[in-house]
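In this document, chain identifiers A, B, C, D and E correspond to the written order of the chains, with residue numbering beginning at 1 in each.
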Amino acid sequence: METLLQQVINGFSLGSVYALIAVGYSLVYSILLFSNFAHGGFLVIGGYICYYTLAAVGNNIWVASLLAFLGAGVSAVLVERGAYKPIRERTNVTLYLLIASMGMSIVIENIFVVTVGGRFRALPPVIPMTPVSVFGLATTSAFDILSLVMAMIFLAGLQVFLSTTKWGLAIRAASYDLKTAGLMGVNVNKLISIVFFVAGLLAAVGGIFLSVRYTLYPQLGLITIKAFVAAVIGGLGSLPGAVVGSLILGLAEMLTAGFISSQMRDIVVFGMLVLTLLWRPTGLFGKHISEKV
Amino acid sequence: MLTKEPLLSVRNLHVSYGAIRAIRGIDLDVYDGEIVCVIGANGAGKSTLMNAIIGNVKREEGTLLLDGKPLAGRSYQAVAQGVSLAPEGRKVFAPLTVHENLMMGAFPIKERSKIGEDLDWVFTLFPRLKERKDQHAGTLSGGEQQMLSIGRALMSSPRLLLLDEPSLGLAPIIIRDIFKELKRINDEGVTILLVEQNARQALLLSHRGYVMQTGRMLMEGLAADLLKNPDVEAAYLGTAKK
Amino acid sequence: AAEDVIKIGHLAALTGDWAAYGQTEVNSAKLAVEEINAKGGVLGKKLQLVPYDFRTRPEDAVNAFRRMAENDKVVAVIGANGSGINIATAPLADKYKVPQIGTVSTNLLVTVDEKGVLHPYMFRICFTDPYQGQLIAAFSAQELKKMTAAVLWDVGSDYAQGLREFFMKYYDQYGGKVVADLGFRAGTDVDFRAQLTTIRDSKAEVLVLPNMGKEMALIMKQARELGMKDIIFVGGDGYGEFMWEIAGDAMEGSYWINHVAPEDPAMADFFKDYLKTYNDECKEFTNGVLAYDSIYWLADAITRAGKVDSTAIKDALENTVNVKLHHATMSIDPATHNPMNKTGVVLIAKDGRGQFFTKIQPE
Amino acid sequence: MADPILSLDNLNKHFGGVHAVKDFTFQMERSELAGLIGPNGAGKTTVFNLITGVYSPDSGSIKFKGEEISARKTYEVISRGVARTFQNLRLFPRSTALENVMTARQQHFKYNFFEAATHAGRWAGNEKKIKETSLELLDRVGLLPVAEQAAGTLPYGHQRRLEIARALALQPELLLLDEPAAGMNPEEVQDLNGLIRNIHEDFNLTTLVIEHHMEVIMEICPRIACMNFGEKIAEGDPDYIQKHHEILKAYLGEEVEEC
Amino acid sequence: MISGYIEGIIILICVNSIAAMGVSLLTGFTGIFTLGHAGYMAIGAYTAAILSVRHDVPWFAAVIAGGILAMVLAYLIGVPTLKLMGDYFAIASIGLGETIRLILENWQSFTRGARGFPGVTNFTTLPVAAAFFLGMLILMRFLINGNYGRAFKACRDDYIAASLLGFNTSHYRVLSLTISGFYCGIAGALLAGFLTYLQPVMFDMNKSTELTAVVVFGGLGSLSGSIIGTAVIGMVTEVFRPISQYRMLIYGATMVLIMVVRPEGIMGQYEIGPKLFRSIFSRKPRNEVDGAHG
């Protein structure tokens, strides 16, 4: 019983880190309808900016995260402007964007490899890691609670923005048809830049949390694959789906590793992904609008 | 009725798609308060002209003025200047509901009360849309989508309304209603530039008309004159009974 | 001109997941080359290092090896930091008759194939998986006298798989009992609390970690967070000083069975020079030291061969007896091309760094 | 009707709260040319979708050549001899006009996988025939000059005709045309009328046309059915339809009264 | 005589091209995007290795067996999963590819796990690789020219329209995946014979990504494009070998650059052949048409 509780808590804690990443990824997906594999890169950028600012200004997490948010957000916008915009202006086959984003993720990773080296670095414990006991039965840490809360705050904020403001509506319209959205008077490029900025910012939040919890190195972005899987389970483009999918994935990983087989952890994860999709081809929260002929 | 300065003036417009030169030097004027229609065979470049005016395709060459000021080259800026287009092929936002589509049309409008009024107006114009307020636009019938597309263009309260084949796929009675309504909108001060295959009805509605052929302007004149022109009659009006 | 330099190839992962280790290796080997050249080189010729990346992929390494052997005409190759790579390049070393020294390639199959036939041109400077596995088992069972152990290892790593296998074998022989044997996958797994919770429940006294540094550090940190206060961590040569940054206090009291100790007086100059030259500490010091000494070993072999000829160098490497290097005195078993009787150094993590604890050498 | 090729019996289809097709009964005799009209949203396209298996009916039966096809998959229906065009164009935009037609034409010239992979056996002969007949069809709809142009770059009216050619290439027994004249000017509509008539005569094809252009329907369709709100409200010859009070009110408007 | 180094590069390009042809059929011609085809290469590689080393099966038979097993597996996986569309299939295919690798890692008694499978004979010499490459290329070109090719493209461009032209689209989707599985299986088996040693990491997601990447920037729907793409990427990594650290940076930048400069890929949908030359010399307009999302 205690073990189960502990594993469930472990699962939520892992899931909440995935959620921070998955929300940003889903946000970009929801507008450009492609999987931005460079998302992991923004996360790493955020992590390194935070690391070096902390070193430079002494452990002031506020300044450091602010700079990290800005830096990752701006890099995301620059990547969009430099690499994606020329492509989407010429074609709407999203596969091209996807390959460009894969290339971009390799570029970002290796920029860090050649400049700061491949070494593993750890952020000082700027986010409290104090153990928190859950009814004396299991332990978690302040950190985990904080990351879950952060994920929820961002989710709620974005959700309100998307469903109640006219810019949110514009994002949804643009995700279907950029050109026609332009005909409605929407400055599509500006809109996309905003979306990428927010996504980059979210990635930086994830990057800081990941670097504090785990460690920081150029390949850290790899973990986003799991977050993608989570987002797909939840339904691509759906933000609540991204969060729910993340929590489910985290739970599944921990329970499998704890009770079934630690080696089979990923098999179960991917098996679950496939089964979910076979049951609901657009994920748990994904909308499927049948095409009218 | 005609003022001296045209509301929209197009001079020497050129547009190409790769090697295809879709528009090769076109001049066109639309005066404030007018309804002008452009007719021409398939592939003449009518849709390209509309898209070029609103900045949906890149203009290669040419000057476009709206009210004497340069017309912006990007669609969102053109919309802000008071131009709006109901594009060919409807182009409704399929995953959004009818209501959300109309709200997208009202994107440049700031005052909420104005949006509400316009919405009511569009709904009285197309009662079917009101019935289907919360249906996803992608599942509407062809004609319903056409109504939505026109309604959406009206929602931005444009000074210059561009319509690319508004009658496409509509039932005769609806076409008649829409043409009547266009007349009324026009009377209320909205200038209209119209592309139609339904040339006879369009000319009947319009003040002036242009005839396009393979990227060039073949003719222009008062609508009534064009209707009577034997060449136009033979080529574009058909021998439809009247 | 070209006659005056002796080219030595270096296969090192400079990109990808192992980039940190590979970069340190190249830096260290370069240091050795410069030192030797400053003292006049070998046989009156200067050494020149030709480092190639292999993207952590065997098929890339194979091309790199061919290029070194054919285009660059290297006389010998050191590296790579990964046994799998060496297994893939071993047939090429034999074919081109270019000797290769594995730096941290502990898999048995690097020097002999699975039928026991020796690859005449493959050597290694480190000890082997069975030997290191035995050292860990002996240390846990005999020195620490802890008879229940858990293993948590990277299923995707050949190194971890080998070490775990031999640890389990010898631990059993020494009378110990493995009460939990759990896996994970580096790369996408960074959270090990599920496995650790199971290990906590298994009441193991020792947690054996046959992995790379990042994962081991994360495991220790997360174990302490889960309140596993008493379990003793024992690991292998994946240890690196950078782990302190990640795991912090959780490192304290852990033991590491390694090739070398960072405070080894014989290595002090090297660490100092490294810091001076690269303005960075040599934190992946095992890789650094072994790459550094591989160059010295090679230089010695070339000198003994008396000519710059790959086959002669190979013979000289094979006949290495009591050659004094910095971290150890080398003798090579001609039958297996493994170093003989290399003592393991046990480090204890204390006061923020790895410190010499004891030497072990089971029979 | 003696031996109807197509027989729709009491079809019903709901979408959420919308009763798109309601107790719809309709039959077509072999080689008949009939029209289907009705206000926007009346359910005409849905009837086509039901026949071709894009949707399955909530209730009712669809018999084609005597066989019940309402539970069949789309491709199975098509392979039994039905072809259609689309209200919203559905060409393969990146392929050339010729390829578009050939893709449909090949359904009648099959060869097996082995022949395809080795170009042995029937491959060469069939490929040649596929191309020849496709070119003929393109010629027929007047698109031969643009045979090698990517379909997506053709003007709208040409794309509509290409769709007809592509549907014909299937050599169907029943052809369903969904607003073939949309986007055409009166002159072109006249050509289209001729085309539909010719096709109908030459291939002896059963044809059902949905149109809002009265000059198409009234001129070429001896029998016309009219729908409103999913129901069939009238059926008869053009004269009958043009005078039908309800149709005038709901669909044609007074304008037709004038003439 | 060419040097062994160049020979090695050519062999690898031949082998990778075979896999790329398979992915090209699936992604370029059928419009199904995959990120897991390294898994099928792994199946082919391990089958060929185990058969030839443990059971003394002649290498040629072992290679074919590798291809066939990968094909069968692709079929079994395809039937349920090809119901998924677009990115959903792509992300699921990551899972499938990784699962294959995981099984190889965990089934140590059979595959020796991460420590790798050594001792395969070096049967993939240049003539063997070249012969397979040519044979597989001809087979694929033949297949694509004609009914099957048009059917695949129809499914790619508009699967609703395709089914309304009488194509059983799910049949063609599965067929396409099955054939591509065969191609990747053969490629994997040849890789085993080239390297003589296998490790599961060789077939990780990076490998899958690379396969799809070369197909996309060769040009979707162009077989010769896929081969050119493979060669370009192979050359980029080799040419920049001396600046090892920057190599991957250049590799990634190349990927981005090709997409930005020529989003339709190096070859667009054109093939090297008489048609291309005719279209170059007659200067017929080549304009791009927007396809659907995805």
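Observations, loosely collected:
Rule of thumb we're sticking to: a residue touches a chain if its C-beta (ideal position, glycine included) is under 8 Å from a C-beta of that chain, and two chains touch if they have at least 3 such contacts.
Every value quoted in this text rests on a predicted model; they were computed, and no experiment measured them.
The leading chain pair by number of C-beta pairs in contact is A-E.
Taking the mean Cα position of each chain as its centre, D sits at the greatest distance from chain A. If you average the CA atoms of chain A and of chain C, the two centres end up 36 Å from each other. Centre-to-centre spacing of chain B and chain C amounts to 74 Å, using the average Cα coordinate of each chain.
Measuring from the averaged C-alpha position of chain A to that of chain D gives a distance of 48 Å. Looking at chain A, one finds that residues 110, 113, 225, 263, 266, 291, 293 touch two or more other chains.
Multi-chain contact residues of chain D (touching two or more other chains): 45, 54, 86-88, 90, 153.
Residue positions of chain C touching 2 or more other chains: 14-16, 23, 155, 183, 185. The part of chain D that touches chain B in the complex is made up of residues 15-16, 18, 38-42, 45, 87-89, 153-158, 179, 182-190, 212, 214-215, 250-253, 255-256, 259. Considering their complex, residues 3, 6-7, 10-11, 13-14, 110, 113, 117-122, 125, 129, 131, 139, 141, 210, 213-215, 217-219, 222-223, 225-226, 253-258, 262-263, 265-266 of chain A touch chain C.
Contacts from chain E toward chain A in the complex involve residues 27, 33, 80-81, 83-85, 87-88, 90-92, 94-96, 98-99, 102-103, 105-106, 160, 164, 205, 209, 212-213, 216-217, 220, 245-246, 248-249, 251-257, 259-260, 263-264, 288, 290-294.
The touching residues of chain C, counted against chain E in their complex, run 12, 14-16, 23, 51-53, 55-60, 62-64, 66-67, 69-71, 83-84, 87-88, 91, 96, 107, 109, 113-115, 154-158, 160-162, 183, 185. Residue ranges on chain E touching chain C, taken from their complex, read 3-5, 8-9, 12, 102, 105-106, 108, 113-116, 118-119, 122, 191, 194-197, 199-202, 237-238, 241-242, 244-245, 247-248.
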